[in-house]
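Take a look at the structures listed below.
In what follows, subunit A forms one complex with subunit B and a second complex with subunit C.
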Partner chain A sequence: MDPLEAIRGTFFQECEEQLAELETGLLAMENGDTDPETINAVFRAVHSIKGGAGAFSLEALIRFAHVFETAMDEMRSGRLAPTDEVLKTLLRASDVLADLVRAARDGDTADEARSAAIVEELKALGPEGASEEAESEEDWGDFSFQPLSAVTLETPAAAGAWQVRFRPRADLYAKANESALLLRELTRLGEIVVELDDSELPDLESLDPEAAHLAWTVTVTGDADEAAIREVFEFVDGDCELEVTPVGGDADAGTAPLGDLDISALLAELQDSQVPVAPEPEPEPEPVAAAPVATAPARAAPPPTEAAADPAATHRKPEAGATIRVDLERVDRLIDLVGELVINQAMLSQRVMEAGFARASGVAMGLDELEQLTREIQDSVMAIRAQPVKSVFQRMPRLVREVAAMTGKPVRLVTEGEGTEVDKTVIERLADPLTHMIRNAIDHGLESPEKRAEAGKPAEGQVRLAAAHRSGRIVIEVADDGAGINRERVKQIAVDKGLIAADAPMSDEEIDNLIFMPGFSTASEVSDISGRGVGMDVVRRSIQALGGRIAISSRPGKGSTFTMSLPLTLAVLDGMVVSVEGQTLVAPITAIVETLLPKASDVHSLGGHARVIAIRDSYVPLIDVGMALGYRAEPLAATQGVALLIEGEGGQRAALLVDAIQGQRQVVIKSLEANYRQVPGVAAATILGDGRVALILDIDTIVAVSRGADSLRAEKRLAATG
Partner chain B sequence: MNQTTPTPGALRELISFRIGAQEFCVDIMDVREIRGWTAATALPQSPAFVKGVINLRGAVLPIVDLAARLGFESSETSDRHVIIVAQIGEQVVGLLVDAVSDILSVTDDVIQPTPEVASDTAKTFVRGLLAIEGRMISLIGLERVLPDVVLEAA
Partner chain C sequence: MPVAASIHCLIVDDQQTIRSLVRSGLQELGFRTTFEANDGEEGLRQMLNRPIQLVISDYNMPKLDGLGLLRAVRAHPPIQKTAFIMLTGRADKDLVQRAVQFGVNNYLVKPFTVATLREKIEAVFGALQ
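And then the complex of A and B:
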């Protein structure tokens, strides 16, 4: 890739992080966090975005970030109090900033009117008539190289001094040497003053990242001798221009003119080089220095300078443990390989058992250890893909602000359990359903402020978004404190739309679940917010596609809660291995409520092959899995098999009759669609210890299919489109 | 090796295999590997010519009984059967055949167009005929070997 493009990509990636930081900080302040460090963090985020934007000449972004930054600076210096009003403006400003960043990234233009309005609001917050120029200049210092500005690490002493002129050639970097380390090495010899000569640094456009453009003049003060200094550069001898001349100290007065000469030459250079840089504060070299592209010249920016010149720079990356960016494909490849290792290990164990080794034999014990190890490796690898749900939760406050503004309902979003970790893919695919549900919660769930007042509730509605780990799954709740589901109306709509019969007896729970039916939408008028032609059925489908389920509970006058339960990863599944008509199948354990041995007296026929089984006074349909999948034509006698009591996505119960249970195990999910297509009744495949493929049951489809031919056709259609 | 007189440029290699008494061939570029038969896991709701799926080094590979797919009598599978692992578009599919016989290097002009016949199967799969040493070998196109999803659902 074009190196500039790569840097640009990194910049926008970092912008996203800064924006997230920005919003987190502002929200914390809104909740009463007055820690100066929080304000600083917000300031730094805006500042960094501005700095990067400057490097790419993103004018709109720079201008807006600058105004924003000025306001933040006012707050940082205590001249602007973080009142609710101010914070609301700042939050809106952060939304606009995010828009501008995205617009800059995609080459679009953002909503100018909106940003102009916010700019005015921000300016109103800022200091009257404050000199923007002065402010600006002082700031730009951070990300432009200050050519030849002398940075004093430690006070130079007047003792014997050496001047070291060091100009690396490209070869030096090509041999994996690092100027910064050499310069640092010099600090061991005495106090040093480093001057950077970037006069040969070309424009960013013409920059050859493989070449060497920088040079340094180091004044070493101390009692080191020339040999010691030269020794530092021993390994790069020949790959750089090196001049070591004595300066300063009275003993070397004779050679002083030489040093002076150098300095005056440098001063001339300084003046030359400053001309193009000073008036137009375009901090070109900064992204090179900040970019993680480990090209040699990029690293050549002297770290001592950076550290000393900009205290803010040291804060730029919070020291929250070292992290690396890794291509997702590499992680996935690793996960695949580990999956295969697990299968292979299981195969090996099975073969060893078959070969008749005793449990206590060395081989078997070694295998046990191997099993534990592979399991641990698998867990650790899975953990790489796990991310806190924060990344998706973070997008919601903005959504809430926008929907609240559109509906005119004041809303407060409360989030809990943001640190809960789940697979990255799950997180990515959660964003859409969550967005939809939160929109719904505000638009349909919450009442208008007047109605809330009538009901004696605070005018500000509350939407709660919470995540938690529960028995190996992640549970996400979206709850509102609104009026709850209007069951009368829901039922009426369902009847009107022909979804249910008018006289169908329905429990409250069943009525609540009607909103998940395709073609159901309670919005009496199509609003800008929810009426996008997407209903809760789509939400449910996308959750199901992730192997999750969604349920609703609602209390009139108190509000509704949507509860989603999702697997932590899409790569493995805890399964019950069963056999049916000689085939080995896997049922997802999450769906199984209990297993039981049916007694003849509990099983009743309803005519044809339809049977029900009595489980603690309630009757649930008994479905012969072998028949449902077409493995056998005649049903198995209930007493000859084992029944798995399962609960489907909609909460409906059924008992699946299988021949026998083999055991419980974690299986690696393998796609059937990759090389074939979706098969009704089968969710995916896996590979068992004997190396054979076993099918993973799609319990809901099996239940639906056995309910009647209609659903069978529907499922087939789904399979065809899916 | 049955080498016909090769004309440089338009040379292509075909793998020929047997199903019953018939000989067929497919383009060698479509073939990923050839392996012995292992028992497949049956798939529910699948056409008769889909034998099931097997584990190919961690991937789930559907097995198509090419005899049944081409409208011949499908034979009882045994260890002597062979699976030709073929790439069809994005998918990898195993083709169950009786035996692999040869690699043919032919030029395009040796391949004769399929004569007009009534059989739909012939129209769907046979791309041409080769006469080699007195044997007739049908060149098979693999694009439609897997069940057609849209047709199935209709």
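And then the complex of A and C:
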């Protein structure tokens, strides 16, 4: 790839980070943060985008960023107060800047009228007569720059000299290492001057031939860096005292090891002046430069005795938060391969068992270890794909601003648990449903400011977006403090649209759930914001496609809460392997509450094939999985099978009747949709240890058969595919 | 060895894009050894631990900005003679003037061409080839 093209890619990636920082900073300022560093960070974000854009001649972006930067500069220098009004303009400007960045990246054009309008607003904030063009450096005249006479280019030796203090311990010799060879190795790196320190050499009579008595000071002159010098001593690390210090060009530098220099002290010396220096020097800076991460592990655990002798080496550690960017495809390839490895390992285990090895045999135990390792590899690889939900959450403030402006409802967005991690694919596919739900929450959930005032609520509505890990899944909530679901109206609409019978007896919960039905829309008139012919049914389907569930709870006058529960990864699943009519199926363990052997006395027929089973004090529907999937026409006698008691997200329970349980296993999910087509009642497929394909049950769809208003339709769907 | 190849250059900027652009420009000019730092503090740490002959540093950075780095360099004898070129995002005469007071060797306004980069470096070191 053209290097400039690659840098361009980096630029747009960095722009996303800077845009996020910009928005975070502005929002913090809106919440009263007046830290000059926050203002400067915002300025810097705009400034950096402009700087990068300049390198790639992205004119529209440069022009806009310049005006934005000028306004931020006014604020930075205290000439422009960060009032609410001003910050709202800046936030809108950040939205336009984001649009312009994306337009530049994709070669599109952004909304010019909108950007022109904001430019005018920004200019009004800026100093009078500010131009849209950057000032020119032509009329600067001459500066008297510092001449280079002092820089010692001609004698790079002085700049590239190192002093090596090397004191072997007895262990070094005991391990058959030889000091002379190490010193000779140093000559490879440049010219060396060696000085022997024999001050600790005892008299011949008291000499212990096994002990170490000598030390050397070596000055190495040449191009070698510290890492190269330390590499020479890599194999005797821990068996010697080693100090490597640079020798500067100055006479006084040779004696003062620079590695020990306290940067904060150096910076503190500068504090008195008017020039801005680091406001908060780190209390304990690492005295040594961030070494390339690759070289660090070799010295990761020096023996404690060395700590005093070599602070430079002991403090060396990889830079905190060091990251690398990796192509997602490579990670996915790795995940695929690990998936194959898991399947392969399962197949191998099965063959070994079939071959009659005892559980305690070396082969079987080795396989157990392999299984453990495979699982660890899998977890580690999955962790690479995990990302904090922040990346999707941080898109929402802008959405809220826009929808608030369109509806005229003041809204405050509160986010929690932004650092909660989940698979990248889940995050990407969350964006649309979340967007839709937040639009809905503002458009339909929140009342108008007048109505809120009447109800004694603050005029500003609140939408809360929260994420948390709960029992191996991620739970995301979208809550508003609006009027709650108007059940009268919801029911009326459902009746009008023929979705339910007018006299159908329904609980509040069932009415609330009507909004998830296809074609349902509560908006009395189709608004620009949430009415796009897409309803909550689409949201539910996209959540279900991710293996998740969504539920609603609503309290009149208090607001509504949508709760989504999603798997942390789409690649593996802990499953209960069961057999039904000779077929092997997998039920997700997370849905299973308990398993039980039904007694004839506990099972009651409700007429037709409908049955319920008594579990302790309650009755739950008993669903014959074989019937539901069309494997058999006549239901299995309950006493001949095993029941899996399952619980849906809304707390509804059912018992799935299967023929037998084979065991628990972690299975690799293979999409059925990608390889065949979507089958109701089946979530995905997997490959078992013996190489056969097994279907993974979609519990929620199967449960839907047993309850609620859409049971009939679902039953027909299931029957049609059977 | 051509002059450029013997100069170890440290690029200090909080933007990866700019660091890459400077590095790519330097490579075109025959530089072989370049190091990069994210902010002034990290730049200073690197300078204390490896021989650097030229620093090309941005002005506006978190932690320690370009002027702060320049002052720290000039205040510390072992590294005080290192050539220092300041990168500025906008043509800011006041800033360059302040940098001159603290002993900057030259400045470079973003965006820059490889030709300008060469011109500024040659103004410090003389002809590169």
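Worth pointing out:
We take it that the second predicted complex is superposed on the first by the 457 of 722 C-alpha atoms of A that agree within 3 Å, B and C clash if a C-alpha of one lies under 4 Å from a C-alpha of the other, contacts with A are read in each partner's own complex, and residues count from 1 in each chain.
Operating definition for what follows: a contact is a pair of C-beta atoms (placed from the backbone, for glycine too) under 8 Å apart; a residue touches a chain by one contact, two chains touch by 3 or more.
Computed from a prediction, not measured in an experiment: that's the story for all the values here.
Using the contact criterion defined above for the overlaid structures, shared-chain residue A:Phe11 touches subunit C, although it does not reach subunit B. By the touch criterion defined above, A:Leu629 lies against subunit B but remains apart from subunit C after alignment on the C-alpha atoms of chain A. Legend: residue contacts after superposition of the two complexes on their common chain; A:His47 is shown touching subunit C, with no touch to subunit B.
Contacts of A:Gly691 after superposition: subunit B is touched, whereas subunit C is not reached.
When the two complexes are overlaid on their common chain A, residue A:Arg677 makes contact with subunit B while staying clear of subunit C. Within the superposed three-chain arrangement, the count of touched residues of subunit A is higher for C, of the candidates subunit B and subunit C. In the superposition on chain A, A:Gln583 makes contact with subunit B only, not with subunit C.
In the overlay built on the shared chain, the residue A:Glu340 is in contact with subunit B alone; subunit C does not reach it.
Judged by the touch definition given at the top, the superposed model places A:Ala655 against neither subunit B nor subunit C. On subunit A, the surface touched by subunit B in one complex and the surface touched by subunit C in the other have no residue in common.
Those residues of subunit B lying in contact with subunit A across their complex are 39-46, 50, 52-55, 57-62, 91-93, 146-147, 149-150, 152-153. Contact residues on subunit A toward subunit B in their complex (touch as defined above): 336, 339-340, 343, 583-584, 629-631, 670-672, 674-677, 679-682, 685, 687, 691-695, 716-717, 719-720.
Subunit C makes touch with subunit A in their complex at residues 3, 6-7, 14-18, 20-21, 24, 40-42, 44-46, 48-51, 53, 60-65, 67-68, 71-72, 75-79, 81-84, 89-93, 96-98, 100, 102-107, 109-111, 123-125.
Across the complex, subunit A meets subunit C through its residues 3-4, 6-7, 10-11, 14, 37, 40-41, 43-44, 47-48, 50-52, 54-55, 57, 69, 134-137, 140, 143-148, 150-153, 156, 159-160, 225-226, 246, 248-250, 252-253, 256, 258-259, 261, 263, 266-267, 269-270, 273, 275-278, 281-282, 285-286, 288-290.
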